[in-house]
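What follows is subunit A paired twice: with subunit B in the first complex and subunit C in the second.
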Partner chain A sequence: MTRTRMPGISRRSTLALMGAGAMTVAAPWVARAQAKTIKIGMPTILSGRVAQLGTSSRNGVMFEVEKVNAAGGLAGRQIEMVIRDSKGQPQEAARIARELVNTDGCEWLIDGEASSGSFAVHEVARDLGVLCVHTCSEASSLTADPKQHIPNAFRCVRQGIHDSIVGGSYAASIAKAKGLKKWATCSPDYAYGRDTTGEFTLYLKRFAPDVEIISESWPKLFQPDYTEVVTKILQAKPQALYSCLWGGDLTSYIDQANIYAMFGQMEVFAVNMADYTALTVVKNLPKGIHSGNRYIKTFPTTPENAAWGDAYKAKYNEYPTNWSWQNATAVMFLAEAAKKANSTDGKKIAEALTGLTIKSPFGADGTVTMRGDDHTLVGYAIGWGTTIPQEPYVPEVKAGDWKTIFELEAEWKKSKGYT
Partner chain B sequence: MPRSHRPFAPGPAHGYESAQVDLDAFAGCLTSSACLVTQTTSGLIIGMLLFLVAVGLTLIFGVLKVVNFSHGAFYMFGAYFAMTAYQLTGSFALAMLAGAAGTAILGLIFERVFMSRVYGADVLMQLLVCYAFVLIFDDVVRIIWGPEFKSMGMPSAFQVMPLFIAGGVVPPYYLLLIGVALLAAVVLGLGLSRSRIGKVIRAAAHNPGMVSALGINTGLIYGGVFALGGMLAGLAGALAAPVRSLTPGMGFSVLIESFIVTVIGGMGSILGALIGALLLGLIRSFGSLGFPLFTDGLMYLFMVIVLVSKPTGLFGKEAA
Partner chain C sequence: MTELEAGGAERLAPVRNGTALHRYRDVLIALIAFAVLASLPLLTGSKALLDFVIRCSAYGLFATSLNLLVGYTGLTSFGHGMFFGLGAYSYGLIMQKLGVPIPVAFVATLVITAAVAAVIGAICVRLKEIYFAFVTLAFQMLIHSTILSWASFTGGDQGLRGGIPRPVFLGIDLANHVHLYVASCALLILGLLAMHQIAQSPFGYTLRMIRDNAARASFLGIDVWRAKLTVFVLAALFAAMGGMVMALFVSGAYPEFAYWTISGEGIFINMLGGVSTFLGPMVGTVLLLLLNDTVTRFTEYHGIVLGIVILFFALGLRKGLLDFVAEWYAHRRDAGEGR
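After this line comes the complex of A and B, so read on.
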């Protein structure tokens, strides 16, 4: 007599499967730890007025994640990005960040929020102890203030104080050369506008003590009409104007100031002009606006940077933004840290990231560094130049000097009581 | 110690001092013809665009007794239609026509298909329908034109040096803008008071049942008024397109100021909308000189003063 095995799943296999199922339910972290893919959560702004912030951040991340995955992943694990829309609301950003870790099983966070949301996500990272890389917030205090410091959070973003030092120094040199003593300012009336303008004028006056601010305007964020602001500035008759308006607000302002022929009457310094989001949208871009570099494929003037910008444009049919390169850099750092640590454990990655220097198309000398003492990005290409109405838009950029930036940043930190 | 050696002297938290009130600049402007001309035309420009949006709002309320919270969307569509037409044809006149005609058709469809169903309903229901369409229209724009901001660009005919009148600066494009808005005000005012259609519209606003009993199609009148209101907002959007960035949701801020205008001028009054819009424009223009951080506050303060002294608005009629 022969025993005939019935088709289907045997009793032994069924028991084994049930056991494994019960273990997965009872101890999900075991299953998670053994997962081949590593999930990285990313709250960012994908809808509303500044949706471009989120979409270009997402593109920047995915552009590099695909490369990392193609090369074998992070310590052998493929990256799976879980990207959610916070609508630009800080409380929503915090809720999503928590959900990404607790419910979706994300092991790390990439925080693609603007400043207000970043501080909220930072608190979630502090609470959950999860590795977090901020990729959009330029507010200096996020990493400069020691009260904000946590070992598991890093900022892979240009910083307001760095831009102000370089911008103030550049503007002062123009002011001295052209005798620009009477200045006006026009910036959006919220924390970023106030802080950035304050820091810029601080360094402008430091490098050119004769400068006097004779008029200031604080239009609301997303204000549709700037006519009264433009005419107010014309009445004050300044020799130069500084503005940190950005995005659609900046393009509206330029269009409205253009028909008053404002740009022929004064030198204009608009820190956020040299970003493709604004450069490619303004139809009648005036020649000779001074701007800081946000992302521009011609600065730094290296083949690596130009190739990266072109490849990104070929993939997404638009030029990268300032947020694109910052998010891409975050993935580059994480990949290098995973290689160094030969692990995807959050703590080991944090240790590897601290003080890590990597090769980068966006580095002033071909490298960027995640500074050890305050976990923030340094060594990126930073400079100012003047615009022309067609590509390359900012033909020549005068690079900032990182030695001076470090010295003045240290002085600034001391004055704020941060060190 | 020289100032340059003390870059971090204690100061306000944001490191920047702001003037709350600048009465010197305000008084100085009142005595300078150049400043008066520049600021007055600046106020007229702001006011006239607001008037075009607010007058549609007040017209719809006057006749249909509906507060159209989705009115800002017509301003937005007007701007996008104009930009697309300008990109396709390169003609500024066609762009304006596309902005106005496109929103008129949209208004007619919106009224006939959706709004006409909630005329007898609770105000809350009307509000919800309008608000739902604010969100839907914003998403439609996002799907068709994309979420990022756009710019139409100034037509080359207007890329000229501004005019200098009594020392004041006046851009030629803004003269056109003021002229078009004034023309719309005159045509609308005369049309409603003198023409037969105007009389029928006014009669329908007063007693729709009687107008209907006389054999006049009130549905057609309602649809026409809604289309006219939408067209005026669309025209405002088209005129603003060369100087303002286009973005989904751009109608919202204009809508709020338009409500202030209609409340100040009196709900349902065209003259009230014109006077209210011009006053608001001048408050913004001169307020930005004397009270730079309280310009918006001045608008609301003025609204409160008007409401306290005349609750129906400057030209509003007392309820029967």
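After this line comes the complex of A and C, so read on.
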């Protein structure tokens, strides 16, 4: 039997190839045809263990984008968000960021990546010169290190160093009042955990010099069983414990430590507790855990903040996370900058953003600022309080003092060789 | 040691007649392939397509080098991704810390990789099957953990930050997208050509014999351990080349490059494309990246889609795509000749 048709690529892959080819060719046309709208690309993590990072970031962005669009858009252009999943892989984040700009015609980027992914997107912004606002990465070096600095990238995120300064001074005041001298730490074993814990103890000892760290535990990130860690801490008999575990790790840790009645035996300082993702998931939230504010609608205690939290919950059927307010704030900044520049040109927006102060429900004094010299967010509400097992979970939060934060941050930057 | 020491692969008579002709044919095909790829930027302005080919080069080099182990030698490595990561990190660190010209960093990376692969390989290739797979996986996790813990040197989980410098050399500016594209294509084609030469050489046929019957190879006087170690180091070199292309593409190196998921993707690519044909992994690479890029555009439930595709290949075809096509073609040709 002879047939003229030569076997080659299968029909299935031919179709896939043709589809991909058509899309590649068509995409710039589509982008040009819709030039009246402004496309903003957003790589973030929508699948896997920290999918909540991406979904609540997306919600935060969309919540504000809809408001901006309803009010006439950015300098007359409606916003269209293009949001894609990077699966938490930096090479995917880089690829998607490039694709969003090069193929989908996105003019700006909102970077909803954490840790290594944010640095990968930062390099794309450096390469392509596109305006980029980081909204999830809390690593201080992203903006503090002058090697990272590029004129077109901004960070609209709280920072590890700010949290540590406020946490250290708050914890020191409690330590002095209650005579807590023996401390233990328990934090995840990766850069964020090590750095944040180191900085916290640094400032704790600075404000309360007779504090002593008698035990350190470094459980792995996403560790399922904390029995070993809990018993180690109990055996050391500290008077207080610091932890920067977060999300699912923190909630499993608390559930497991509850079995050993740990929270009755020492004061616990968990910087990432006061976030609804943790507060609402823990089975028996112990009373009196000290925590930094991530997002809580009772702090700042303004009607604007409470209204924002309630409206968000009404829309998405869950409370906002720390990432929600940061992403929402990024959109607010972009909208204000577009108004100020009366343009959507990336360069003009970058100029307008530098040093810009806007009204915000999340500001310590009702405003937040994009600091000019390192393009990072300052002036946001930051404080510590103690938990109760039911809403409002953290009824009273003691606000941190931004003057102290600025002084100690400048000192810290010098010690790191950043200035 | 039970293997006979006497003799080596070179004692085997040339397996095929006209090898020289084949070699020139391969070079010709490689030149044509390179010419076609290099002329793409003239035909299309799509930067996404160029990005796609750059990523195909990185993963293609990696997956094809894995096939040297899996398909040709029967060594199923679960830790091959460590050399991908090692290549990316060595290259990035050398460029960031020493600021040497790119070709120097390239060669230095290959030397480092060869040294590390020789040590790891010397331990691993003595083991068989599942033990080999697990020990390679263990070494991969060791390298991954080292990258994470040695934060002052490697940047820990945040990776090599601040961009990798790309100074101009011989008129080639890798900061230029088209230059980077052409350079990646050149590395891919050179790598594939070199790996094809290895696979078609007497040494390559020795590897196949070891895969099919290591004891017989040993009785024929082949030093099995040395042959396995050699191919382990060679495969590591090409994986490191893939890692360097990736580091150039993202202008950084991240611990995920050395994580087991990269090795898993390599195995998956080989399953998709097929391990019994030389170009199978390359076909698998294109398929996987196409699937990944198109599926993630439309849904965040890409895991389900990719899972179904794996099932289709594992249960439906029971082999990779190119294996399937090659067998089907051979079957038809035989049937045609039979008439």
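Here is the rule we use: the second predicted complex is superposed on the first by the 385 of 419 C-alpha atoms of A that agree within 3 Å, B and C clash if a C-alpha of one lies under 4 Å from a C-alpha of the other, contacts with A are read in each partner's own complex, and residues count from 1 in each chain.
Following the convention adopted for this analysis, a residue touches a chain if its C-beta (ideal position, glycine included) is under 8 Å from a C-beta of that chain, and two chains touch if they have at least 3 such contacts.
Since the structure is predicted, the reported quantities are computational estimates derived from the model, not experimental observations.
S.K.: Once chain A of both complexes is superposed, is A:Thr404 in touch with subunit B (first), subunit C (second), both, or neither?
M.R.: neither
S.K.: Output check: A:Thr103 vs subunit B and subunit C. Expected answer is one of first, second, both, neither. What do you get?
M.R.: A:Thr103: touches subunit C, not subunit B.
S.K.: In the superposed arrangement, does A:Glu123 touch subunit B (first), subunit C (second), both or neither?
M.R.: Only subunit C is touched by A:Glu123; subunit B is not.
S.K.: Is A:Lys232 touching anything from subunit B or subunit C once the two structures are fitted on A? First, second, both or neither.
M.R.: first
S.K.: First (subunit B), second (subunit C), both or neither: which does A:Ser141 touch?
M.R.: In the superposition, A:Ser141 contacts subunit C only.
S.K.: In the superposed arrangement, which partner chain does A:Thr419 touch: subunit B (first), subunit C (second), both, or neither?
M.R.: So A:Thr419 meets neither subunit B nor subunit C here.
S.K.: Look at A:Arg194 in the shared chain and tell me whether it touches subunit B only, subunit C only, both, or neither; answer first, second, both or neither.
M.R.: It touches subunit B and subunit C both.
S.K.: Considering only touches as defined above, state whether A:Gln91 meets subunit B (first), subunit C (second), both or neither.
M.R.: After superposition on chain A, A:Gln91 lies in contact with subunit C alone.
S.K.: Now for A:Ser47: first (subunit B), second (subunit C), both, or neither, which partner does it touch?
M.R.: In the superposed model, A:Ser47 contacts both subunit B and subunit C.
S.K.: Taking the stated contact definition, name every residue in subunit A that is touched by subunit B in one complex and by subunit C in the other, in rising order.
M.R.: 47, 191, 194
S.K.: Provide the residue numbers of subunit A that touch subunit B in the complex, in ascending order.
M.R.: Per the stated touch rule, the residues are 47-49, 51-52, 55, 189, 191, 194-195, 197-199, 201-203, 205-207, 209, 216-218, 220, 222-225, 227-232, 234-236, 247-249, 251-252, 255-256, 258-261, 277, 281-284, 411-412, 415-416.
S.K.: Under the touch definition given earlier, write down the residues of subunit C that touch subunit A in their complex.
M.R.: 44-49, 51, 55, 148, 151, 155-159, 161-163, 175, 246, 249-252, 254-257, 261, 287, 290-291, 293-294, 296-297, 300-303, 321, 325, 328-329, 332, 335-336, 339
S.K.: Hey, which residues of subunit A end up touching subunit C in the complex?
M.R.: Touch residues, subunit A against subunit C: 1-2, 7-8, 10, 13, 16-17, 19-20, 23-25, 27-28, 46-47, 84-85, 87, 89-92, 94-96, 98-99, 102-103, 115-116, 119-120, 122-124, 126-127, 139, 141, 145, 147-148, 190-192, 194.
S.K.: Flag every residue of subunit B that touches subunit A in the complex, lowest number first.
M.R.: 2-4, 7-8, 14-16, 18-19, 25, 29, 35, 38-39, 42-43, 45-46, 49, 142, 147-154, 158-159, 161-162, 169, 171, 173-174, 240, 242-245, 247-250, 253-254, 284-285, 287-289, 292-293, 295-296
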